[in-house]
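A, B, C and D label the chains in the order they appear, each numbered from 1.
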Amino acid sequence: MSVEVGNTSRVFFREAICRAVGETLDAEPNAILMGQDVGAFGGSYKEFYGLFERFGPARVRDTPVAESAMVGLGVGAAAAGVRTLVSITYMDFVLLALDPLVNYAAKARFKTGGQIRVPMVVKVTAGAKGQGVAHSQSLESWLMSVPGLQVVAPSNVADAYGLMRSALQADGPVVYVDHKRLFPTSGLLSTLPHEVPFGLAVVSRPGRNATIVTHSYMVSVALAACEQLAVDGIDCEVIDLRSLAPLDLDTICTSVSKTGVLVTLEEGQVVCGVGAEIACRVQARLGPVKVSRLGAVPAPVSSNPVLEAASLPDAARVADAVRHLTTEGK
Amino acid sequence: MSVEVGNTSRVFFREAICRAVGETLDAEPNAILMGQDVGAFGGSYKEFYGLFERFGPARVRDTPVAESAMVGLGVGAAAAGVRTLVSITYMDFVLLALDPLVNYAAKARFKTGGQIRVPMVVKVTAGAKGQGVAHSQSLESWLMSVPGLQVVAPSNVADAYGLMRSALQADGPVVYVDHKRLFPTSGLLSTLPHEVPFGLAVVSRPGRNATIVTHSYMVSVALAACEQLAVDGIDCEVIDLRSLAPLDLDTICTSVSKTGVLVTLEEGQVVCGVGAEIACRVQARLGPVKVSRLGAVPAPVSSNPVLEAASLPDAARVADAVRHLTTEGK
Amino acid sequence: MIASNDTDALTAMLLARGLEAVLSRRADCGFQLLSGGQEAVAVGVACALLPKDQLLCSGRSIAPALARGLDPGSVMAELIGRSSGPCLGRGGRGHLSQPSSGFFGAHAVVAGNLSIAAGVALAMQARGDGNIAVCLFGDGACGAGALHETMNIAALWRLPLLLVCDNNLYSVSTPRAAALAPQRLSDLAAPFAIEARTVDGMDVRVVRAAALELATRVRRGAGPAFLECISRRFASHSTSARETRQPQELAADRELDPITRLENALLSEGALSAHAAQALREQVRARVKAACAFAEASPLPVPHEAFADVG
Amino acid sequence: MIASNDTDALTAMLLARGLEAVLSRRADCGFQLLSGGQEAVAVGVACALLPKDQLLCSGRSIAPALARGLDPGSVMAELIGRSSGPCLGRGGRGHLSQPSSGFFGAHAVVAGNLSIAAGVALAMQARGDGNIAVCLFGDGACGAGALHETMNIAALWRLPLLLVCDNNLYSVSTPRAAALAPQRLSDLAAPFAIEARTVDGMDVRVVRAAALELATRVRRGAGPAFLECISRRFASHSTSARETRQPQELAADRELDPITRLENALLSEGALSAHAAQALREQVRARVKAACAFAEASPLPVPHEAFADVG
C-alpha cells in the first residue's frame, strides 16, 4: 500500500521501516542488513520486503538461527566501520545475544578510551500476540538500564520511519523495539526523508486530569482508555515516550505538573520496569504526585487467548486505574 | 578457619557457602554441583573447597566454559528431579545463560500446567573489585523482575549459609547472588543446621532519622556511612533485603514509616534498579516520603582503581545523600 | 511403543496426519506448526523408546507428542487452548508436555531444548535408571551454539542422550544449505567422537532401525549418539506463514509421502490387505473425530489461571 | 611484522617476557594474565600479518599486543592503569586495544571475541580491502557455542578470518581433556570444511610458517582457516590464581621455552653470535626499563573520566 496524499502517503508500519532501511542502504554503500529470513522472504512481517532484490545477498544477508553470532558479527562489523542492522525476530531471543550487545557493544567505546564506536542497530519485535511464553516478552526496561545502549520504541508509522532513520545514523549501539501488534497498522508518512530525534517524547493526546506515560503498542491502549474516560468527564493526556534511553523527562514533567496524576503503562513487567524509573524521576523533580504503575501481571504470558488477555493491560484496566487515582480522596 | 565459640564458630564467607552445599549433597544423594573449576580447584573463591574430595567427580563436576549449556543442563536435570547447583563465576556471564534460565526455567512450571518444577540454584558472583568492564556487573534488578525466579543476596556469613540452605530446598529456580568483596569477610555461624527463609529482610542497624535499604556488599557501605552520620547526630536505620524476590515490603515500610526518609543503595545501575522498585512500592503503601536512589554511575565499571572508585557508591556518597535528605527543608 | 509393528507405525502416522488436517482447517486457535510430511521421523524415533525414556522436541511437536502415546483428545485440547490439555491449555502450541508419558515436551525456542535434554539425561545417569533422553530438533537448530556446547558436554560425560535432527531442509524460508556449512549435519558430531548416522527420514522403517540401533548403544552407556533424518515439510513453516517453495518442489516432496510409502510397501508385501488398510483409515478417522469432540467439549481456562503455577 | 626475520621474532618474545617479568613483581596494579611460555604463538602469528590486518585476542593479551607492534611503554601504562595507555588506562588488563596499529584488541569474556572478529572480517569483506581478521583464543573458548556459530557463518560467507587457538592445555585449573571432547581442537573445523592445522606452539618458526600459509589462503578469499598451537603456560592462570600443577610438570614445560629454543637454534646455526644474543638481551632490558619509566611517569586518569566515552 502507498497512497499519495499531497507530499505524504499512507503506508503500513512495515513499509515505514522498510523505507528507512532502504534509504540507509542507498546512502551507505557498505551498510549491511542481516537476520533470519530477511532476504528473499523479506522478514517475518515483510518489513524488509524488496530490499534483497534491490541490494543483493552481500548486503541483505539471511543468517542461520544463531542470535549470539548474528549480533556479534553486527557489533564487530560496526566497530570496524561498517554500519549494520541486525534483525532479531522476537525480543525473547535477544536473551541469546546479550553478551555481544551488553558486554561488548555497550562498553567498547568506554573501554577503548574512545578508539572504537559501534554504529549498529539491533531491531527486535516485542509484545504478545498469541505466541506464548517464550515469544511474547517485553524487556525494554533491561536494555534502557545499560549504559552505552540507546533504546527506542515507535508506536506509529511516522515514528517507525523517523526513529529508524535516526537509529541508522547513530554512532553508538541502538536497540529498536517494534511490536507484533503494530504491523497491521498504517498511517500517513511524509514522502521526504526526515528523522525523529532520540530523547523526544510526544503528547499523543492532550488532557487536563491525568497523564498516562507509555510507549509502543500500549499507546493505542492508552488512547482507547482515554475515550472511555472522556465519557466520565475525565480528560487524560497521553505521552508517547518513543525513546526510552535517552528519556525525555521534560515532556513528562510538563504534563504531570499540569495534571498532578501519573499513570505509567507498559506491556512488560512492572517490577523494576520503565514505569518505576519514570515514577521515581518525576517525583524527584516535581515532588509527590499521585502514581499508578501498570504492566503485565507477574507471570509468563500464555498463547492462550483467555490467559494472554488476562495477563496484559487493556483499556478497561487503564481506565480503572486512572479513575481510581483521579477520584482518590474526593 | 573454624574457631568454635560455644555452639557457633567463626568462619569465612566461602566456608559458610561450602558448608551449606556440602550438607545438601549429603542429604540428597543425587544432588549435583557443577561449574568451572569447582572440582579439585574448589571454586574461584574456594567456596566449594573439599566437596570434590568428599562427593567425587560424578556429583561435583568441572564444566567447560559454556555458561548456556551449564545452566541448561542444570535446569534439565532439576526438571527431571535431580537438584542442581550451577556455579557461574561472575554475574556478567549469566548474560550467556539467560535463555535456559528465563525462557525455560522461569516458565516451565507455568507452561506445563504444574507438571514440571525446576529445583535448581544458579550461584553468581556480582560486584566490582578491580576486574573491569565485563567482570563487574550487578544485574539483580533484571532477575528480580522475572516471574518464576527467586533471587537472594547475602551480605554476611550467617545469611550466606542460611540463604544457600533455603535455596537448595526450594522447588523452583533460585539465583543466589554473592559478591567478590564478601569473600574476605568472616563471621559467627551456628554449628547447627538452619535456614534463613526467603522474603525476610532484617534491620542491620536500628536508627530513627533515615532508612537505608540495601543488600549484599553495599550493606557494609551503608553501615560505614551510618558511622559517619552518627558523628553529625544523624541516626540511620539499615535494612538488609537479603531476598530481592520475594521482597519483604513490610520490614521496609515499618522502618520508613518511622524515619520518613528512604535511601535505596545498590551497586548496580540506578535506572530501573532495585531502588526504583522499592521507592515506588513504599510510597504506594505509605504515601510520599523523602527518597534518594543511589547506585553506580551510568557507565561501565573500569578495572582502573581511580575510575572504579569514582563509579561506585561509597560511604561518603551515601552519607551525603542522607544528610541532604534529612536536612532538606530544615 | 518400542519394537512396535509396521501397522502400529502406519496408524501413528495416520493419526498425526488426520489430527493436523482438522487443525489446519480451523483458524480460531492461532497458527500451528504442522508435522505433515515428517511423521516418519517422529514415529520412527518413538518406536525405539521405552516408556520411561523422555522425548524432548522443538515447537513442531504434534507428531512427536502423539507418537509418544499422548491421548489425541488431550493433545487436541492443548492445541486449541482447552483445560483438558496436559498443560491445562496454558502451554499450547509449541509447548506440549506430558513427562508422565515420557514426553518431557516441546520448547518453541530453536535449539533451546538441547541442553535441557542433556540435563534430563544427566538426571537419568545420576539415578542410574537406564533410561535415555532423546532430543528432536530441526536443521535450523544446527546453526546454534547450544548444539556444540551440548554435544561436547554430553560426549565428555557420556550422557544417555540421543540427538535426532529432523532435517526438513528449511528454516522457515531459508534453505538449509544457505544457513549451514556442513555437508551432512551429522558431520557435526564427528569432532566429539559421537556416533552418528544420516538416514532417509521419509521411510519410517529406516528411521526406526537407525533409532533402535543408536538408542541401544546409548542405553548401553556408550554415551550420546546423533541421528540425522532427511525429511520434507509438506506445508509452509506454519499455518500462518507464507509458502516460498515452488509448486514443482512441493509436488516432488509429496511423492515421498511416508504414509503412502509404508502403506504401499505393506500392501505389496501382503502384510496388509486393501480392506484392512481401509479399515485402519476408518478407525483413525473415528479417533480423530472423537479427539476433536473431546477437545471441543473441554472448557477454556479461567482468567485467574494467568497467575497460576508461577516459578 | 610479516616475513620478519628470526632475530625480530626472538626480540619480540624477549620483550614480552621482559615486560611481564616486571609486571609480575608489582602487586599495586591488580592481577595480570601473563603470556609467559606462550610468546611463540603470539609472535609467530603476528609475523604472518600485514599492517592493516586486525588481531583480536582473549584477556591473555600482553604478548599479542606487543607482537602487533604496540609501544611497550603505552602497553605498560595501560596495564598499570595510566592515562598514556592506548585506552587511556580505562580498559586495562584484559582489554588492551589499538585498532590503528592492527590490534583491534583483547576482550576478557572467554570466546567473546570470536563473533566480533568475524564481524571485523565481514567489514573487511564488505570493503574488499584485502585485509584479514585474526582471532586468538584459548582452548577454553572451544567449549563455547560462540565458536560453532562463528565457524558456521564464517565458512558460509567465506569471511577473511583466521582462527588461532592458543591451546595451553588448561582453562584455569581444568585440564583441556576434562573440558573438551575432541582429540585435536582443530578437528572442530572439519565439519565446516574449514582448513585447519595443529602445530607445536613452542616453536615460533613452526607457528609462523603455519600462520603464513593459512593467512595467505584466507587473504586469497578461500574463506576462514583454523590454526591450533599447542603451548605451555609457565605461570599460574593469573598472578593472583593458585597454581595446581605439579612441579615436575612445570619443570618439563620450562624445557620447551620458546625463547631459549629459538636462541639455541640461531646460535647453533651460526645465525646469531653469543655476543649478539647478549647485546639483544641488553637492548630489550633497556627498552623494558624505558617502557616502565614512561608508564610510571604517566598520570592516573581523573575521576570524572568514569563517565567519559559511554556508548
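Of note:
FYI, a contact is a pair of C-beta atoms (placed from the backbone, for glycine too) under 8 Å apart; a residue touches a chain by one contact, two chains touch by 3 or more.
Everything numeric here is computed off the predicted structure, so don't read it as measured data.
The chains in contact with subunit B and with subunit D alike are A, C. Ranked by how far their CA centres sit from the centre of subunit A, the chains are topped by D. For the pair subunit B and subunit C, the distance between mean C-alpha positions equals 41 Å. Centroids of subunit A and subunit B (each the mean of its C-alpha atoms) stand 31 Å apart. Averaging Cα coordinates per chain places subunit C and subunit D 46 Å apart. In subunit B, the residues that touch at least two other chains are 63-64, 66, 68-69, 92-93, 99, 103-104, 106, 110-111, 132-134, 147-148, 298-300, 302. Contacts with at least two other chains are made by residues 89-91, 95, 107, 109, 112, 143-146, 149, 152-153, 156, 178-180, 308, 310 of subunit C. Judged by the touch criterion defined above, the protein chains are all mutually in contact, each touching every other.
Here subunit A touches subunit D in the complex through residues 30, 32, 58-59, 61, 63-64, 66, 68-69, 71-82, 84, 99-100, 103-104, 106, 109-116, 147-150, 172-173, going by the rule given at the top. Within the complex, the subunit B residues that touch subunit A are 68, 92-93, 95-96, 98-99, 102-104, 106-107, 110-111, 132-134, 141-142, 144-148, 245, 269, 271-277, 279-280, 283-284, 287-288, 291, 293, 298-300, 302. Subunit C makes touch with subunit D in their complex at residues 143-149, 151-153, 155-156, 178-183, 187-188, 190-193.
Within the complex formed with subunit D, the residues of subunit B that make contact are 36-37, 39-41, 62-66, 68-69, 92-93, 130, 132-135, 297-300, 302-311. Interface of subunit C with subunit A (complex): residues 30-31, 81, 89-95, 107-112, 140-145, 171-174, 178-180, 242, 244, 300-308, 310.
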